[in-house]
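Take a look at the structures listed below.
In the two complexes below, chain A is the common chain; its partner is chain B in one and chain C in the other.
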Partner chain A sequence: MTAPRWIPYALIAPAALFLAALFIVPLVQTILLSFDGGGTPDHLANYRKMAGDLNFTLAIRNTFLLVGVVVPIQLALAMGMAVMLQKMSTGRDIVLWIWTIPLGVSDLAAGLVWLALLQNSGYLNTVLFQLGLLDGPTPWLNAETPVTLFVGIVLAEIWRATAVVLIVLVAGFQLIPKEYSEAAEVFGARSWTAFRLITLPLLKPSIQSALILRTVLAFEVFAVVYALGGRNMPVLVGEAYAWQYENQNYGVAAAYAVLVMVISLAATVVYLYALRTRPETQP
Partner chain B sequence: MAGIQIERVGKRFGGALALDSVSLDVADGEFVALLGPSGCGKTTLLRIVAGLETRSSGAVRIGGRDVSDLRPADRGLAMVFQNYAVFPHMTVFDNVAFGLRMQKKPREDIERKVRRAAALLQIEPYLDRYPAKLSGGQRQRVAVARALAVEPAVLLMDEPLSNLDALLRLEMRAELKSVLREAKTTTLYVTHDQTEAMGLADRIAVMQQGRIVQADAPTTVYSRPASTFVGGFVGSPPMNFVKVTASGRSARLDALDLRPPADGDLLLGFRGEDVQLVPPDEGMTFVVKVAEPMGSHLLLTGSAAGCPVRVVAPPTASVHAGDRLGLRPDPDRIAWMSQDSGLALDGHA
Partner chain C sequence: MTKPLFAGALALAAAGLLTASAARAQDLVFLSTQLRPIEEAQKVREVILKGAPKTTYVVDEPSPFTVRMRAEQEAGKKTVSLVGALHGELQPLLTFNALDPIDDVAAKVASRGIPAGLMELGKLGSGKQVYIPWMQATYVMVVNKKALPYLPAGADVNALTYAQLAEWGKALAEKTGSRKLGFPAGPKGLFARFLQGNLLPSYTKSMVTEFRSAAAETMWGDFKAVWAGVNPNASSYDFMQEPLMAGEVWVAWDHVARVKDALQQAPNDYVVVAPPAGPKGRAYMPVVAGLAIPKGAPDRAGAVALIEHLTKPETQVITAAEVGFFPVVDAKLPADLSPGVKLLAEGVARTQTAKDALVALLPIGLGDKGGEFNKVYFDTFQRIVLRNEPIRPVLDAQAEVMRGLIDATKAPCWAPDEPSTGPCPVK
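Let's turn to the complex of A and B:
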């Protein structure tokens, strides 16, 4: 007996409706809102206001700087961790489990944890003071100390979100049959050569997924930055938040949101193209 | 070219003994098959020879050189894997050239040797293609070409034909044999398929529970098995074993007089095709339960002296289920075994 043709459509309808109501409608509304001229035909007013804002260039610069520093470090770290996990024969699951604990912590909570470590009277200063390396409470997260503030945010982001990349890479490693690296080894490749010539190319689809996932989320960085530095280091989503709730200007906030979305989409397109895999080269 | 000496190699996985002091000599240019059921340790032994697995004890020599602690790459060998392990992101040419490139051979050298290996295995038309575009049999050829291209002293093969369908397996088997004979490469070949081992190997090493129980020419393993295990594992149908009690170096089964080499509880081992069908009162009584016409022969399944027996009769024989026949095994091809140990008795036949 075959089911009527409409059954599959009926079954996916709830999910489709849910997505439409809670994702596509707000998305379209946000886009429309960002182009709303407030009764005037000037549809780019919000964008002009956004671009003219004092923090705009800073937010763009800081966000890209953060993404540019955090994502490569996370990829390299996660790759190293994944390789180490591959070589482990016992206790692998426990190590993986411990490494992924930060994923269970909300980003704001993670930011507050690092605040407790790095603030004037935080653990770091206490230890440094007791070691005699500091004379007294020293601020690291001020507007006057942008470099240490930036480093602090980078550290917190790495601690918080590297495991996302790790999980995707570990899953990718498990898809590669062991015989490939064994064959490379038998035919004379040293570990690094085998990794470069065999493992890395076969892992490319996973690297691509991990990078897309992590980069899109990194462009949306906000809570950690907010917890550690307030608005001392403006970032794009932070500005959207400020315009929405502090300035009560929903149009400019929407313009920021659309900008973040366009940047994320562009990054995704770049990854899809730069790390594309020809279908005939798949196992 | 080089031989392989496996000297008392042992392997433990935790508490489990996978290999129990295995020794085997493979002569230069010889083709030896490691044959046994799954879990007997044959693949572990091959991987220890390759250097992909560590040994717990013993040594491996290739060409007289102790390679026990060398990396796989430094052992002067090549390997064909069960799943081929042909690199999917490289063209067939790059796959075949892989070993030569790792050895940093000059370009023209690589080109020439790849072409030669490709010609030998008839994959020249596919050199520019990716493996995903090839059939299983063609991928298998690529894997063999990649191994032969480096002109290894020793070739290791791990169930290379087991992923092919029956017809292709038969074809590749014959082709492998001719290619390897031409290359004169010392080969250690792991298989659980006894027909494959019989057809390909100069010598078969039968493994059981981490030991080599017999290493002999295929015909010897077939007709003079060292134990009931070997007799039952090699050959299709397996060797028949009928219980006999002998005293004074003589025994009688129904109307059959036997001259065993020892006294006591013995097993009369004989192959299904090594018997003569005679009237019931002239041999041991065989009651036919099933008669299967196989085309080339008639396979009879039944029992004699309370033991299950299979007989290969001529295709024209007129035998039916329920018939009672007499069996007269060829006295020159009888294998006597001890009932207690299951081992062959010396001075058989």
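Let's turn to the complex of A and C:
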């Protein structure tokens, strides 16, 4: 006896309705709001205000810089960690579990943890001072020290979100049939060659998913930057927040939100195209 | 037997919760953006509201507060009968028509002796009374006594000028090895209020009209010299009590409520003085929190009774003693104030009674553009002081933004600018 054909649709209906009500409706409202000229026919007023703001170019630059630095490092790190996990026979689960702990920490909390480490009265300052390497409390996280501030944010982001990439890659590794690596061994391939010519191509779909997930999240970076840098390092979502709550101009905030969405969509399209795989190349 | 027991307990608890919320629903809901910290909220519930009609005191941050009021207004389902918030936070509520005119209540509390100027603020430029002044405060300078030996020669800490502040900051930085002046220029700090309420009017006797005058140009030049002595972490300071207590900053400007903890903790370490003066006087900005009744409030009569209770001289004195906001009515503060609050009270008195005092009012009539108005000042500061852009072109560009905001809201001038008939001109 086969199940009626409508069953799958009925099963996804609740999720679809949930998404429609809580995601698509607000999304459409946000887009409409961003083009709202406040009673005038000038539908681009919010976008012009956004582009003319003194933090706009800085926010774009900082956000792209962060994504450009953080995502490749995280991919490389996660790849290394995933390979190590593959080779482990005992204790694998415990290591994986420890590595994914940061996933359970909210991003604002993670930012505050790193703030406690890096601020001028923080742990790192104290330790370096007691070792005699610093003369006194040294600020690293203000507008006069943009490089250390950026490094601090990059560190916190790597700590916080590498596990997202790791989990997707670990799952991907487990999908690769053992026969391939056994065959490579039989034919005497070195491990680097096997990794480059067998593992990487077979892992491509997972890398693609991990990159899309991580990049979209990285463009939305906010809480960590806000906790560590406050106003010193404007990023796109931070500007949306400031326009919404501090400047109380919901239209410009919506314009920022739409811009972040467009950038994320564009990044997704680029990954889908650049890392596309033909079905026949997969096991 | 454990399962039924557990279920029974759960049912009981649920019933308890239900009755509690039912009882609550009948209480008057008083929503406030002020006195939010748990200890202060408890003081309100247990001490300040004693003898008042049965009230549920609820607090919310300013931005969710506006959103909640707008949501209640748009949904037509009102739960809040009384709101307590700052002048600038009540102003946007008027733009979506969420507040009930309360001229009747103004008549009832007329005998309390609330100064006419404060009552006028409560009209928000609308011609009708929209809120009743509740408590007031202002911005002061808190000075750690350790900084006093470094005062420039001939300077009186109670009558500083901006030039002396710059010199003092420089001396402190040179002698102590770190920059010891502090301003709350962080994301939640009130630094924009310093620029518009203290600094600019002290040089120009204006907040809007003379925004790009030659005097303003001089002021920004002078302030760059002050900033050279300001701690580089200032752009993350929200409440100055923290860097003061940490000893990171020795001379700080902030709202009295945001330095109170430092003063309470170590009243013997600090003096509280008036902010510095410029060529046109010692400008300061009185802060007013007001009480307003939402349109369609479920218990308007109760709210009126509560306003009467909160503006009684006795309640006002208790409020000052317990939470450090000062009376808006004619009431004498008791002699046995806690040492921290006493310091604050002295600082406020010094600010208000300084010979060269110049009152700069909170913006009036800007509707929901108050946030963007603050941004004009903060952006100007960022560009001139932090990014070192030439002063004249920045002032010209930002004056245009300011003019756009004023024209869009048609707000007439407020003190210290001369009254205007149309929108306040930006020269």
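Heads up, the rule we're going with is that the second predicted complex is superposed on the first by the 270 of 283 C-alpha atoms of A that agree within 3 Å, B and C clash if a C-alpha of one lies under 4 Å from a C-alpha of the other, contacts with A are read in each partner's own complex, and residues count from 1 in each chain.
In this text, contacts are C-beta pairs under 8 Å (C-beta built on N, C-alpha and C of every residue); 3 or more make two chains touch, one makes a residue touch a chain.
Everything numeric in this text was worked out from a predicted model, so none of it was measured.
K.L.:
Quick one: chain B and chain C on chain A, clash or fit?
P.N.:
Here chain B and chain C can both sit on chain A without a clash.
K.L.:
Touch test for A:Q29: chain B only (first), chain C only (second), both, or neither?
P.N.:
neither
K.L.:
Identify the partner contact of A:T126: answer first if only chain B is touched, second if only chain C is, both if each is, neither if none is.
P.N.:
Neither partner.
K.L.:
Determine, under the contact definition given at the top, whether A:N142 touches first (chain B), second (chain C), both, or neither.
P.N.:
Second partner only, chain C.
K.L.:
Examine A:S106 and indicate which partner it touches, taking first as chain B and second as chain C; both and neither are also allowed.
P.N.:
Once the two structures are laid over each other on A, A:S106 reaches no partner at all.
K.L.:
So, does A:T57 touch the first partner chain B, the second partner chain C, both, or neither?
P.N.:
After superposing on A, A:T57 lies clear of both chain B and chain C.
K.L.:
Applying the touch criterion given at the start, work out whether A:E182 contacts chain B, chain C, both or neither, answering first, second, both or neither.
P.N.:
First partner only, chain B.
K.L.:
For the combined overlay, can you note the least CA distance between chain B and chain C, rounded to whole Å?
P.N.:
46
K.L.:
So chain A touches chain B in one structure and chain C in the other; where do those two contact lists coincide?
P.N.:
Common to the two interfaces on chain A: nothing.
K.L.:
Flag every residue of chain A that touches chain B in the complex, lowest number first.
P.N.:
177, 179-180, 182-190, 193, 198, 201-202, 278-283
K.L.:
Help me check something: in the complex, which residues belonging to chain C touch chain A?
P.N.:
63, 66, 92, 177-178, 185-187, 232-236, 246, 248, 368-372, 374-375, 379, 382-383, 386
K.L.:
Over in the complex, which chain B residues touch chain A? Could you list them?
P.N.:
50-52, 71-73, 77-79, 81-83, 85, 87-90, 98-99, 102-103, 130, 132-133, 146, 150
K.L.:
Which stretch or stretches of chain A touch chain C in the complex?
P.N.:
Within the complex, chain A touches chain C at residues 54, 120-121, 136-137, 139, 141-145, 226, 229-232, 242, 244-249.
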